[in-house]
Structures are given as structure tokens and as C-alpha cells.
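The structure follows.
Labels run A, B, C and D following the written order; every chain starts at residue 1.
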């Protein structure tokens, strides 16, 4: 790939115009990187799509577990030095790094996914691509409640972080909106900084079994790779599961258990990444927070498999209410 | 430094004063413990404390830990500390993923065992042949294994259908067996929530329903280890390498060979633990072992370098971990259980005139009961710590009479006796 | 029965280990029954009918006698170890040679005499025709020695060949059929017991006269230094190991304690040093009660300690000579300065040089690891260290064990000189000649009690020996 | 044989040199085998260190690694295996961050604030490690188990406290959560380095000081002697008057106090708050570095720097298409080969020493030898 990997090929800042002629996109993943079958992969899809469409040059780098801010910063600076512009940072962990590097490279356009912290990662050359995970989760919460026969549904989060809490809050709100008396169980597999909760299907299975034994019959797995354990438990017990981030019904890795996945809360990081690259290419870069909510099509519920066709009208109904502002979905507990 | 560690003047078990408890006493103790748990269940209504689901989940959770612990046992009984169990487990998960998706779960298990054994072999070469400090070699292996498996995953799984850079394509699970008829009968009993009866039913049902063949295999290996190490010439020789290798050498025992076999077996067991984890989770995932190797090591020390003890340690850990994962309600009940157990312990210690321990136990016990009484649920963040807290409490308050293999952690050199 | 004698480090053990396949010879041949053999490891030697009892016990403490004995040549039924057959065979051998060994007892619980018999049983169990015994009598009392040689004679009568090493020349002369003397790795003489006296044998070994342990004139004063009354100690398993011990040692006096190993002498010394807690009684040094003081406080009060196992308790094997000089003197000049908080490396080095010189420690320098010194030289450094800083009481366990004759004489001389300067000494030794020769007073310890007291001027080793084994109980 | 003879110096150098050569060789084989020219990769790495920013980042990583290694090494020196540095520093960093970020401190002079923060961190680390020490001396609980358990428990406690209802502050829009940001006066200024956007942590001085004190304590104080003696032979130490229980407790407390400092350079020099992205796992890195540096204050400094360089080069490798996992593999191989090389040299040295002793034994001693 990279032909000019030698150091010292830093283009003098200021010699490019707003829209560079040949776009070299640098993308820095969060821990997990391309191939995580989840969040990072979604970003990768957006990048691939942009690349396929217009033959841009790309460079992908990936975070290491336990690294410091300085390493993230170094990653972004290295990309900037090598002439990559725009540069996309995936994950809120880049918030500090993006802010600093963007300030020192005013001619480079940056995007950060999942974070907008005024004073830290805002700036004239930063686009903050954030999502209304709570809204998407609200809809699958409605689906769970409507599909539940026991009036008892479950939420399994991978790691207890504010981001995943957003999923939980939205889900619970949706379930309660659809069935006011419903019980919503909730469990996080690990606590930060132990991030193995996103990678431990065995734990996911145990937690899901626990919720099923307590009466739940639909469980929403916002737990990354641990989700496969949740679906496995659902399949063994004849219960239902809900996926997250991408349309998990269609993931080859989950082909064995896909018949229990009634829907997934899709978070379109790919869309955001693609949009961003396109905007830079077209010279239409816009700084500031761009919220990918339900209205903007940034979050969505999946219909693959046809398991929720029967309740689609109700779901669409809620969707309209949210997009119109009639229902305000909470984002924090 | 060697992991034989300091005895710090703490009393070790006096040799010969073996007060062997008879099997009946163990049975009484188990029934008494179950009765207390049952009482707490009835009082709190936390039926999940002894439900078949909890028991089954505890068993599943305990198996990889116990196998890692068995790996530690084999190695340490032959005098070599194996802090690389975690790394060997990681190798096992990768092996199971790699072979498992192509040739089925059993081949996957074999591959996991083989890769774990390779990890053991490296440890053996470093510690036995080159006389490297056991801890160093173990840490190096634990360091390299995740990097290596990730490297290999990128190479082999990224393009495979359903695979990724950090995960293998799906692996089918092995068969599960139940005893026909028994399950539903016990299930009915369990649902009655009677004192003690339902608990026993839940326990039995959890142990006999949907039992994975791999779990059975693990149980067999546990029993087999006890047999091989304590009842066969091979085991005697192997253990002699951990107690008095120079004596063994002087009797013509090829110490190096036995140490090699033990460490390779150790790696194989850890690898099997990893493989079972991968196969039962349906795939290899980067980081999936999550420190189970270390817990296995801890359970082996907990179990005083004996298979039965390590099974108890792994079981305790698996039980509390399963409980906390399955729901917060039973962890809240656990507070009461812990409180009561501590009070019982205080009473026992008081009779033995160990006033310091007794008073600590009373204070802790009262604190737990107070905590239980004044809250509706335990904070979810803290619930995750339940298995660790319980293990630590049990270790601190139970009489610790560790009997470490005498030569463990030391570097054996031929002909220096 | 062939005896091998030579001074420390002469190469006796090395030669025996070579015969047993533990070392490979650089040149030369080994011939058994006229056939030349080559051993790669002990297994080869065992197969050729050689059995060896090592200078240091080769036993796994946490194994039973049975496990120790069968290790390496286990009887089997199917895959399993045939415990029944093994037990029967051990009992049979034990009965035949009167070894009195219980196959199911844990070795950790056995005394030295019993351990020695287990070692012999191990050899017999393997059907050895050639027995190598490296200093088998070093730890035994006279009666046990007699018993052992009785057993060996029986074996000889059955046609076995026995090769044994001993520093006790009287013993060698009385039981051996042939004697080989070696010095610095080569044979210097082959003699028959009838031809030589002990003195001549010693001269052959070292080229000088045999030193005699003796105190010459008495220096005993009336000032009590160590007063012990009603001392008792309980073991970690709750058994009483010392009960109601009372004695006093005066300035300038050596109190010798005789006893079969395992009767509480180790515990006595450790209790006096504060390493073991007391269950009861009083210990005072120069009138100051020590019962609650720590080991360090006791050392500061003027107690010095030569432990019985120098590798375990006396030395940091990986440390240099001067670091080992500091050990036990961490609070005292010249090891430390600034109120005892900082090490005085210069002072310690200089004082180590002094000890090396005064005590003739053979070493290339004080920066080498003490592990590379021979045992005798290690012991000399320990004695020199413990004698420095003007102690008032020396607790000496086997001060010359395993040390060659020259060094032995030097150590005795140092003790004598310190005693003349009012040092009080508690000496424990398995070497009865040393005890009798070096003590002003002798007490016998049996099962944790002082059972008899003797005047060393009039007592014989045999009398002592019978008191030590309990046969002479009641004698005063 | 003198302390600084040509032989001892060349033997001392032989091990690390041999190890490095061996490690390079093995890594080259792996690289070549996977289609990456080893020379190019090496060239990349060397060039990257020459870059001021990477150099500074490497030094900064090394600073925290070094503190962690010293914390581990203190335990190792007396055969205590403190696996718990990880939990100790995370808990300490979190609580110290909450403390340093609290507003009541703002009126105080800067150095008092910093000092109080450092003391708080050391106290928390010491207490957390002290639990393991206390359990060991009173109840005989192996520190290996207790520190593994305490690591997990500290994770739970930190997660519990890192909540907007408790010690954390939530910033709208951010998906991160952390303690209140430490204001200017509570921070430790760094040293600028020309050509680098990041500064060298000011607390590198603290690390150097800790290293010096570690060395001084071990080699110049009675406490250090007792500590080493206990590690070399517990029974001999006891006979020499060392109270092993006190030593265990004291060394766990000191180890924990230093562990408490591990997070401080990062906290006070760069992050200014403890949040979800605060670096984790430094305790385990510390174990590897202590082993690599053989518990020696200078050895560990080199090891920490080497580790830092390798870590920081992963971005450069990544960008040139070399899988960054190679760095981890390299680190492991270096640890093993260094240790094997040391062992081989140690055996050789012992042989030489024994030969010397053998010679001294055979000859009668001369005055010259006595003062050799």
C-alpha cells in the first residue's frame, strides 16, 4: 500500500486548497480495529464504499490495548505528516488527541466518531459524528416488548460505559413505552477498563441464560462479540435476541443462530464515514457536531429475516413520533 | 525470585499431622452448607441461588478454570511454576478456532491441546534446559501468545467466511447429554421451592441436564489426574521431581524427562481449557480468555496443590461468577449468605480461641448483614467483584495450611545434588 | 568391606559419584566382576548392581518411606503402582536385616538414624550387590553406629561388596578389610587395618598430626551469663519438643549438649536465639530477661550463633563474602553506620579481609559468591563472623561438622581463645570426642529434656552414648 | 578477582549483547518468513526513534513503565510476587485524580497541591497492596492469589466510583466519563523538546528519584540488606535477626506506594483526569520490565526505554504495513533471550569462579592473595 512511508515527507501546511485534488484518507480505529465484526468494521465498510466509488487512497491504523493518549496523538500526527487529509478517528477515546492534532494542522480536516466534547474536540476543522443510539435502541425496545409473551425483556451490555448505557436507557424506554408494566432486566458483563466484556461469548451466554431463567424471552445484546453467546443461549432455550451495530441477521459468523435474531439496532458508522469523506471530497466539509439520529438515518432497526414484519406498523409509528419530536428518548439514566 | 515464594513465618501444615476427614464428614459438611444456602434462599426469595440454571452455568464457567488449574498442578507438582497458563490457554483458543471451523469441534479441541502443549514445550525448554527463572518464562509466554494468535488470526481468519481479523469462523459445539426423564422430574421438584429438597433437586438437575461432553471430559481428566499422579509409578516419579529431584535423580529417574512431560502436559491442559472455552463459545475471539488462566492458577493454590481442592476452588469461583452474571438479585442474597457464613466461622474460631480472627469475622459478618438489610440490591458495578471477594474472604478466613511442593520454583541442574 | 579416607575435599564423594554414574570420568575405566562398564547415569549403575547411600540424605520429606524406597523401580499391577507388593517387600527386607522401618510413615517425621536406615533399605530394595556408603556414620551415635556395622557385616556375609567413607578413623580400622587413602584426587596409599594406627592413617591423609580436641586449663568463672529455667517449646503441630529445661552457663564456660539428633537440640538453640517462640520458661542473658525479645535484640545483647545447617541458616549462598560478613551483624559496626541505618560497605569489606586472614579462609577474594567456597571454608567464615563484635554467648551447633582436620583445629583454637576471654559457649555436636574434649560441663538431652550431666574429664563416649539413647537413664 | 576487572566487565556486557543479537535474529526470521524484509523494518524503527515526537513519547512511556517495574522489583527482591501493581495504580490514580481535581485545593500553592496528590496516590497504593501483605503475614494467603483478586476488586471499585453520582463528572456530548479536570496549578509542567509537540513528563524526575532511592535503599541501607537477605534465603535472614513478617508488610507497603505513583506522570503531565481512556495494564508491563532489567535500577531503566521505543514504533510499523503484533512478539522474545543469555553467562562465570577457588584451595595462601 503506502508508497511514501519514509519520514520527512510532510507536506508544507497551507499549500493545499480546501479540497485536495487526490484525496488520501487516513483512518484510525479504536481498539479492535478492522475485523471486529462490529463498530470498527462498520467504519471500515464506509471507507471501503468511498474507496470503491472514487478510488481514493486510504491508510488505516489501529489502536493498541492500554495505550496512552500520546500514542493516539502520535497516530493522528503521523497520518497528518504523511499527507493524509481528511483523517478520521473512530471512537470517543480519540477526543483529546483529535483536538490537539487538529489545532496544529489547521488545513487538515478531521472527523471523530462518537464524541463531541466542547473545548476538547471541537474546532473549525473537526467534524463530530455522533449517534443517537438511544433512539435506535428505543425502537428495538418496542420490538422486544411487542414480541415478548412474558412481559419480561433483557438488556446485556458488554462493558459498563456511558456509551453502552445510552443503549440501555433507550431500550428500556422503548420497552416501557410499548408495554408500561414490562420488566426490563439489565446486565453488564464487565466493568471498564476490563474490556473483555465485548469479547467473551461465554459470559454473554451465562448472562442471557440468567435473564431467560428469570422470565425474559427477548434479550438485546449490546455486547459486541459477546453477543454470539447471547444468541446461542436464546437458540438453545427457544427465546429471541436482538442484535446491535450492524444487521447481525446477515453476519456470516452468526449464520447458525440467525433465526433467533428478530432485529438489530443498526448504528450507521459506515454512513457517517462515507458521508464525511464525500463531503470533504466535494469541498463541502462542515465542522461541528453532526448527529446521526433516527431522523438523519444514522440509526435504524433491521428487518432482515422478516421476524418483525407483523409489528412493523407500530414500529414505524414510534419512529415517526421520535423523528417528529413527539417522543423524546432519554439518553442518560 | 521464585514463585515458591516466602513462607513469611506463617505456619505450614505440620508434616504427618494429617487429620484426614472421612468421606462421611465431607458429606455432612456439604449438606450443612447446602442447608444454610437453602435457608438464605427461602428467606430472601432469591431462588436463583441454587437453581439448576445457576449450577449448570457454574459448571460451565468452572471447567476452563479447573483445566488451567490442572495445568498448574501438573507443572508445579513437577517443581515448575507455570505463570504462563494464560498464554497457553490463549494458544488453545486459537487452535480450537483454527481447526474447529474446518474439521469440527473435536479436531478443534485436539488442536487446542496440541498448541497448548507447544506452549508448554517452550516453557520446558526455557526453564528446564536453560534454567531460566520460571516466572520470567511464564510471563514471556503470556506476553507473546496473544500477539502471536492475533498475528495468526489476521493471516488465517481474516478472509475465511464468517471469520475476521480477531475471530475465527464459527465452530460447532459438541454434543450435550441429559439423563432422560430425570430432568423434568427434578425440574418439577425445583419449582416447588421447598426448603432443601428443591435445592438438592436444582443441584442435581444442573449437573445432569444438557451436560456438554467436554465438561464430562474435564471431570474425567480431574479424576484421572488424581489417579495418575498419586497411584501410578509415573505420577510418583513426576511428583518426586517437585519434592526432591536430586533424590529422584540418584535413583535413576530421568528428572529432565519427567519435568518435560509434566510441563508439556501442563500446557496441554491449559490449551484444552482454552479450546473448551472457544468451542463452547462457538468461535475463537481475541482476548476471550479474560484472565481465566490466572484464576486457574489461583484455584490451584486455593486447592492446596490437589485436584479435589482445585476443583473446589474453580467451582466456588465459577458459582459466584455465574451467579453475578445471571442477575443481581442473587448477589444481594449472597450478602446475607456471606454474613451468616462469617458468623458461623466466628463461632468456630471463638471455640478454637482464635479471638482475633473471630472478631474480624463478626465485624465483617455484621457489616454484610447490615448491608443486606439496608439495601434492595447491590450496586451493579460492585456485583462484578463478587467472585473475587468471596474467594479472598474464604481464603483469608479459612485456615490456610499450604503444602507447596518443596522444590517448586527452583532451578534443577543435573548432578548438583 | 573397603574403606576410603581422605581430608575434606580430597575427592572421596566425587569418586563415589563417578562410580555411581553421576559424573562421567575423563579417563580411566571401571570394572565390575572383570567386565569393563560405562555408566551414563545412576540408572546404569543401579542396573549393574551398585547402590549408593549419599553423604547428604537423598529423601523426599513429604513422601512416605514406601514412596521413597520404590521410586524408580516401582512394582506395578497393570498401570497402577502396586502398593501392596511394595509394602510386603519393604517389610520383608526390614525384618530380615532388623532395620525396623515402617513403610507408611512420612519421612519428615523420622529421625536421622531412621532416615539412614531408609537409605540403606532403598539400596537393598534394588538388590544391589555393591554398596557405596558416603559418611554413613557422621550423624549417628555410637550405639547406632554399632548397629549399622552389624547390619553391614550381615550383608558382607551374604557376599555383598561394601565401600564406605568415614572421617572416624577408629571406626575405619575396626570394620574395614582394606583401606584406600586419597589426597587431592589421587590415591596416596592402600593399607590394611592391621598395618596402621589411627595416627599413622591421619598422617597419611593430611601429612600432619591429628589434632586433639581439648580445653587445657579451666577458665570457668562464677559470673552467670545465660540462665535458663523451666524452658519449654511446642512444635507447630502442638507436640511438646522441649520441656522444663533449666541450666546456667557462666562466663568462660563451655556447656556441651550431647544427644541423638532430633531430641530437641535444634529447637533448644532456636528457642534461645528467638527463632522459635517459647511455650514457657525464662531465658536471661547477663541478668536481662530475653523471653520476649526478638532474634535481633538477642544478637544485639551479645548472642552469637553458629547454626547447624550453614547453607540454610548461616549463609546467603549467592551473596559475596563481605555481604555474608554483615549477615547477623546488621545493627553493629563495622557493618553499619549512621545509627545502624546505613550499611558501612567499606568497614564490612575491611573486616572481612581481617576474618579471611585470621581464620585462614581460602578464597581468591572477598567479592566472590560464598557458594563457590568449599564447605569448610564457608564454616570458617561463619565462625570468624560470629566471633567478631565481642559476643558474650556463643551458641554453636556442630561447629566443625564436615570440616577437615586442619580447619577443625583452628576452629577449636578460636573457641578456646574466646573462652579465655570470658565467652560463654553452648556447644552441640554429634562428634562425641569433640564434645568431651571441648566442654567444661556435659549435659545429655533426650526427648526434649536434660536427663543427665557428666564431667567430661571422666566420661567415655560409650557412657555418653548409652545416656543419649536412654539406656543410661538415671545416671547422674 | 576484583570488582571491576576486565573479565567481570566483559562478562557483564556479554549477556545483553548476545541476547539482543539473538532476539534480532529470531525476529528477523519471523519477519522474513511473513514477507517483510527485516532490514527495512529495522530501519523504520530506528528512524522512528530519531523522530523527536516518538522519542519523547517513548521516554514518557518509559517513565511510567519504570515506576511500575520498580514497584514490582521491590517485591521480587524478596520473593514476593506483587501481581497487583495493576490494581494498585489504577485505584490510586483514580482516587488521586478525584482528589487533585477537587476545588478546595485551588487556593493552595502549586507544589503543595502536587505533593498532596502524590502522597494521596502513594497512600492509596500502599493501602491496597498492604491488604495483600497483611493477609499474607496474618493468614498465610498467597500474595499471588490475593493480588489477582484485588486487581479485579479494584476494577469494580473504580467503576463504581467513576459515576456521575459519585466521583466523576459527566460532560455533555462526551461518551467518556472521568474525574474533574485538574486545573493548571495542580499539573506538573513538562520539558519541551525541540521538534516534538508533546513534552517530556515533568515527573520523569520523580521516576529518576524513585530509581535512585530504590538503588540506595537496596545497596546502602540496612533495610535493603534485610530485604535482599530475605529474598536470598528466608531461613538465613530469620537466623540473622530479620523479622520476615515485618519485612513482608513493609515491602508490600513500599511496593504499593510506588505502584501508586505509576499513574501520576500521565495524570499530572498529560491526562489531567482519570477517565475511561486512562492507560490500563501497566502493572503487567512492569513485571516484564522488572524481569528484563533483572530488578536492577539501571537495567530496568534501559528495559523500560526499550519497551517504550518498541511500543511507540507500532504506529510506524502499522503505517508501513507490518502487523503491529510483531512488536509484542519481539518483546516476548527479547525477555526470553535476555534471560537465557544471562543464565548462560552466569553458568560460565560460576565455572570461572570455581576454578579460581579451586586454585586458591590447592595453594597455600600468600599475602598477595589475601588482599586480592
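By our rule, a contact is a pair of C-beta atoms (placed from the backbone, for glycine too) under 8 Å apart; a residue touches a chain by one contact, two chains touch by 3 or more.
Because the structure is predicted, anything quoted here is derived from the model rather than measured.
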Shared chain contacts [chain A and chain C, defined touch] = B, D
Distance between the centres, which are taken as Cα means, of chain D and chain A, whole angstrom = 36
Key: Inter-centroid spacing, chain D versus chain B (mean Cα positions, whole Å)   = 30
Ask   = Hey, how far is the Cα centre of chain B from the one of chain C, in Å?
value = 44
Message = Using the touch definition from the top, which residues of chain C touch two or more other chains?
response = none
Message = Touching at least two other chains at once: which residues of chain A meet that condition?
response = 65, 160, 191, 194
Ask   = Among the residues of chain B, which ones contact at least 2 other chains?
value = 11, 154, 291, 381, 384
Note = The chain pairs that touch are A-B, A-D, B-C, B-D, C-D
Key: Contacting residues of chain A [partner chain B, same complex]   = 32-37, 41, 65, 160, 185-191, 194-196, 199-203, 205-207, 209-211, 213-214, 225, 228-229, 232, 236, 251-256
Complex contact set, residues of chain C against chain D = 9, 184, 273, 275, 294-299, 305, 307, 312-319, 323, 326-328, 330-331, 336, 340-343, 345, 353, 356-357, 360, 362-365, 367-369, 372-374, 377
Inquiry  = Under the stated contact criterion, what part of chain B meets chain C in this complex?
reply    = 11-12, 14-17, 227, 231-233, 235-237, 239-240, 243-244, 246-254, 403, 405-406, 415, 417
Request  = Note which residues of chain C are touching chain B in the complex, please.
outcome  = 17, 20, 22-23, 41-47, 52, 54, 56, 58-63, 67-68, 70-74, 76, 79-81, 105-106, 108-109, 122, 235-238
Inquiry  = Residue numbers of chain A touching chain D in their complex, please.
reply    = 1-2, 5-7, 59, 61-62, 64-71, 73-75, 77-79, 82, 92-93, 95-96, 100, 104, 114-118, 120, 128, 130, 160-163, 166, 191-194, 289, 332
